[in-house]
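For clarity, chains are labelled A, B and C in written order, and residue numbers in each chain start from 1.
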Amino acid sequence: MGKLIGYIKQYIAFVKKEFNGYSKNVKIAIYVMLFFTAGFFVFGIQILFWGLGYTDMSNFYPFGQWIIGDLGLVGLGGGAFTTGFLLYIFRNDKLEPLISSTVLIGFLCYLFTFVFLVFDIGQPIRAFFIYMYPNWGPGLMPASMLTEVAWCLTFYFLILCVELTPVVLKHKVLDAIPVLKYIGHYLHRLMWIFAAGGTFLSFFHQGSLGGGMWDVMYGKASWFRAHHIYFFVVIILATAGGTAFMTLCAYVAGKVMKKEVVPKETFNSIAKVSGVMFVVYFAARLADVILMGTSWVPLFDRSYLSNLGGYYGLWMIVLEFIFIAGAIVLLLVKKFREDEKTFRLGIISGVMVMLTTKLHVVLNGSSVPNFPWKDFIGYNPTIQEWFIMLGGLSIMALIYMWFVKYTPLFPHVEQHGHHEGEAKAAE
Amino acid sequence: MKKIERKDFLKIGGGAVLGGLTGYVFSGAPFLGMQWLFEWTQDQHVPPGGSESYLKTLCEACPDKCEMSIRMIGERAVKIETSHSGCPFGQNALQLLYHAERIDAPLKRTGKKGTVKASAFERVSWESALKDISVRMNKLIGEKKGHLIAGINKDYNLSAALLDRMLKAAGSSSAFYEPSLKSLTQAALGGYVDYDFANTDYILSFGARLLEGWGSPCAMNRAFVDWKKKGTKLVHVDTIRTRTASIADQWLPIKPGTEAVLALGIANILKRMGRAAGGYDWMAVVNAYTPEKTAEITGLQVKQIEEVANAFARARNPIAVAGRGGKGVSSSSAEIMAVYALNAMVGSRGAVLKRTAGLGEPALSANAAASLREAKRHAGLDDFIKNGNFEILFVNEADPLYKSAYGAELEGKLETALVVAVTPLLNDTALYADYVFPSLSFLEADTSAGSAPLKPYRKAIHAGDAIIGLAKMVDDIKGSFPWNAYVDLVKTYGAPIGAGGVNYNAQVLKEFLSSLEKTLKASEEFPLSLVPVELTFVGDGDGLAFPFVLKSIDEKTYSQGKLWVQINRDTADREGVSEGERIDIESSRGEIGSVRAHLTDTVAPDTIAVPLGFGHKAYTRYARDKGVNPKEIMANDIDPLTGAANWWLTRVKIS
Amino acid sequence: MAIDLDKCTGCGACAIACAQENNMPIFEDDSDIPKRVSFLELMKVTNDRDAKYPDVEVCYIPKMCQQCEGNDPKNPKPPCVSVCPVVATDVGDDGIVSQVWSRCIGCRYCQASCPYEARAFNWWKPRYEGDFKNSLNPEVSIASRGTVVKCQFCSHIWKRERDRAVENGVLDINAVTYTPACVASCPTKAFVFGDLNDPDSELCRLLEKEKDRKFRLVHTIDEKDEKTREKLMHIKNFPNPKVYYLTSKAWIREMMRFK
């Protein structure tokens, strides 16, 4: 027994030593993230056991922060399928150094989409009903967008798990076991199959969760679009904003580690892809807004502008277009792309496009009154919602940090990076 | 060295976890845990079944005595089937019957007065409670101080008549009724007005919100359905566009509080047609209110007033209705007289004065007669609260602490007296009671149609039985109570009889008009008028204890802990108040804080409409601490005839 | 169903009868309107958007589930039904949009898609403190926390009536009619309930007679001519509710439009 305590003490000392290896700023960040994580668990238990009454969602405002989180995470995680698709199908080998990180982020995003969904539904214990009693229509197409989303998410999540396996297997303890090393190697070779399958699935659920789910609500002037227009708009956004996010994550990881985690041409290449997709998205979104204003909302005998009142109105759409313009200019013009500062701004505005549009869809859509004599509704997330949201993101970041530290997430660092910066963080 | 140790550590750790997990699974704990989890989250209470049956009864909540059918599952009453009886309130009966905080036995106070906690009371037996009170009564009457025993009733019903009789027999003149349509009219006119809404063809309502809980809702709703068919014309005078005002064929948007002046103005026009009522002095006052002057005071147009007066005079069977408000009525005696005079002037057959036959005068013992000579007379409840004294107070279903504008004064007096509250739910007044007697809902009481459909709740008994039981234990009184139980009287009590003529008191009218003139003048300090509004089911506070009533409140009245008041748009602009802003309302009596402003043009300029019925200190967990009680700051001039505070119109300012 | 708004005094008896009949949960604070569970909301509507004192008007609109059916009555497609991921809600042959409490996982998608705010979610654990349990109706199951519930036109009463009819030897149970709780409780008989498919029913005759007075909640497509309506219905589904409101006041119809 005394021996066991000794081991535990030793392990704690090991963790302490590792932790002290970080710079001050990173330490503070870790403290903050651990604080949110603790809140995540405390309030998570409260929400799961005592109900959603502790949120600021209501019968008039059924979707809140966690749904925005779901949309955002899935949208941003959409970078994983785009990158995989470009690398394995289009053979854009410049993206190779980024792919492991991308797969991991995709995995985390989807994982936490499920986590937030578990909090968001009123009866998490019955969540399996979606698989047991799915609302398939008479044909192949599912009747409910949410059924489709859940199924596609699940399958794509499984694919991401497989895609992630080789990365995990490269952990030095596991890598020492020959069988696992062998499996890891061969999985890597087969990855294009999964990338293709993943892209196929991704197209559906990106569209359905981000767009289709909203544009089918024919009773709601704030969301309805005929012919599933929004479905396609959102897929384009996922490819554009997702890749920007993947770039941002790798960029931040590099900054924190003070190393070049991926070669410059990788960034260059993916930023170009992102920029081009943003041009397409700009056209699509503009068409969407114009059609909303001229065709779809007037079907309800209402005006689009009157729907854009309240707290989350017109300014969000304007902001979104500013960010779109920023992303296009900063990522496509060679001069800006190659300057680090403007490049950074570019990918950040790319991610911000995703955020503002998701915020707008959920916040504005729910706040629009259903009756002419009612007011726009405001939504102030409670402390429980904030902690679960931020705690979830913190856990994601912590896991990502673990992977960066203990697995060769960025093979480029292993191969070339040793001479750059201080090898402070690596053990 | 270190590496090996870490490996060992992992092995030991892994082994421990595996072993623990195996043990955990085989212990059955996870399955129990699952079961617990499912019970916790799937908690579907299954209501017990039983054979279905329907019980018939009469609703004696009002004189209309609607027939009711109660759907029973086994022993449980699950639904009131009224099938269009006209009465909305019957639907609420089961919530009182099975209220979670219904008092199940007589309670005796053990803790401090005014505490909300249930632990401030202990359950006692009926015998010991009645014994204790009767000892105090015997002592007081023996000392020829019977006049210090007082009672406050809510409605005119059998138990109120029994309480009246008990007090009279004890030598007290202090039997009061909460200000209501009936009590105010009785005090002003000498009898309540029995309006024939079914057969009239022209109704002129002076602020009486006829379809929002006013009077007897069954009769009103039934009559309303007929008005549409018969083409009866409803003219409604009100400051606020209430639902009644919107349903009415014509709405006279009058300045707040000037209904009496309009009545005099119409009387003036009728007089020119050669009609008269009241004495010379009275008509002299009427003469002063020419259409022009009336128009100036009320804010109406001369043409409007003349049209209404002519239509009223021409109608076959017109009635003018007094009694401003819905459930909570506030009209001065002068106003009630002035409006009733219109009926007399046109010789209306639809407004007849009636009285309820009481239980007769009790024989007084020597002690009682002696104390009666000592007794001070008070015109009405608020007069009594302000100026009266008592050592023993019976509160029969009433809640004067909450409903009276003198609630704060009463609070101090209740602290020192022996207070007996008869009520099924612990209301604000019962917080100061030494004894609380649980009484019955109408479903548990015998009616003239037969015995009660449901058994009384636990140890609750009819208020009449409690009073008879107590009277029989008091030496000087028991002779006046020959009955064994209230059921002996159920069949005979309550027959209406005719009342005498009205004494149109010109002096009271003059005094009222001069004080009204002062109130109407907008002062620098208090530029706005505060008038009440009501929700039908909340009324002036009785409905708030019921969760289903809370579910029917609209979001611009009370929601999420915020009480909303309605302010005219232009006035709000001038005062710099925006929609949803938090404001305080201040009158010369004090301030009510933190209500939200709802800007709406349904309210007259310079006027604030405040909902009644909120701001209870007790009255079950459902009503407690919800909003504010505006009576705290409402005007409290006591009327000379009704003895009630005239709180309808209050000058206020907002900040 | 048809509701004559000119007869409605806004008393709220319908809401209370509904709550009693359908075992409405009692929460800590039922005056918390955004989170309360009730099937029937009594909406106070004024026209002070368009008018100033003293030309304003007030009315109350009792609003329950409008039992939408979409463009094609033969293939009903209410906005809330197709979105449910677990088939917890459906339209039956009787045209009533039903909801199975125990199937619902509480995703609230149906709530979001309902243009009439007719659905409610059990944000808290339903509590029936003390003796309130005694007045629960065994015919309506009690929902767990975290599920969506809705008005079903008291279809359990129909079942009750049909069972009774069968007991009495009536064989054609589809001819059996019933009265929902709100309809039965109305003190001024503002509600009329009946079979919209049966042209001889009291409801259909009333709607035929009151053609000029009837309208549907925020359903402006009704005011367009036949051709435009068909064209619009080609583009998108419209809720097409089965609850009609009657009024002779123009301002109420005017308030159905967004401005």
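Convention: contacts are C-beta pairs under 8 Å (C-beta built on N, C-alpha and C of every residue); 3 or more make two chains touch, one makes a residue touch a chain.
From a predicted model like this one, the values you see are computed outputs, not experimental measurements.
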Looking only at C-beta pairs in contact, point me to the busier pair out of A-B and A-C. A-C
Average the C-alpha coordinates of each chain, average all protein C-alpha coordinates together, and give the chain whose average is closest to the overall one. C
Dist(centroid_CA(chain B), centroid_CA(chain C)) in Å evaluates to 32
Measuring from the mean C-alpha position of chain A to the mean C-alpha position of chain B, what distance in angstrom results? 58
Between chain C and chain A, distance of the C-alpha-averaged centres to the nearest whole Å: 39
Chain A touches at least 2 other chains through residues 123
Do you know which chain C residues sit against two or more other chains? 27, 34, 36-37, 43, 46, 125, 144-146
Overlap residues in chain B, where contacts from two or more other chains coincide: 41-42
Which part of chain C faces chain A closely enough to touch in the complex? 27, 34-37, 43, 45-46, 49, 68, 79, 82-87, 103-109, 111-117, 119-125, 144-148, 217-218, 220-221, 232, 235-239, 255-259
Contacts from chain A onto chain B in the complex sit at residues 4, 7-8, 10-11, 14, 49, 123, 125, 375
What residues on chain C touch chain B, complex-wise? 6-7, 9-13, 15-17, 19-21, 23-24, 26-27, 29-34, 36-38, 42-44, 46, 48, 51-54, 56-60, 101-102, 125-126, 128-138, 141-146, 181, 184-189
Residue positions on chain B within touch of chain C in the complex are 41-50, 73, 76-89, 91-92, 94-95, 97-102, 211-213, 217-218, 221-222, 224-225, 228, 241-247, 251, 253, 457, 535-537, 547-556, 558-561, 568-569, 600-605, 622, 626
Per the contact definition, I'd like the list of chain A residues that touch chain C in the complex. 50-53, 57-63, 120-123, 126-127, 129-130, 132-135, 137, 143-147, 150, 213, 216-220, 224, 226, 296, 299-303, 306, 366, 370-373
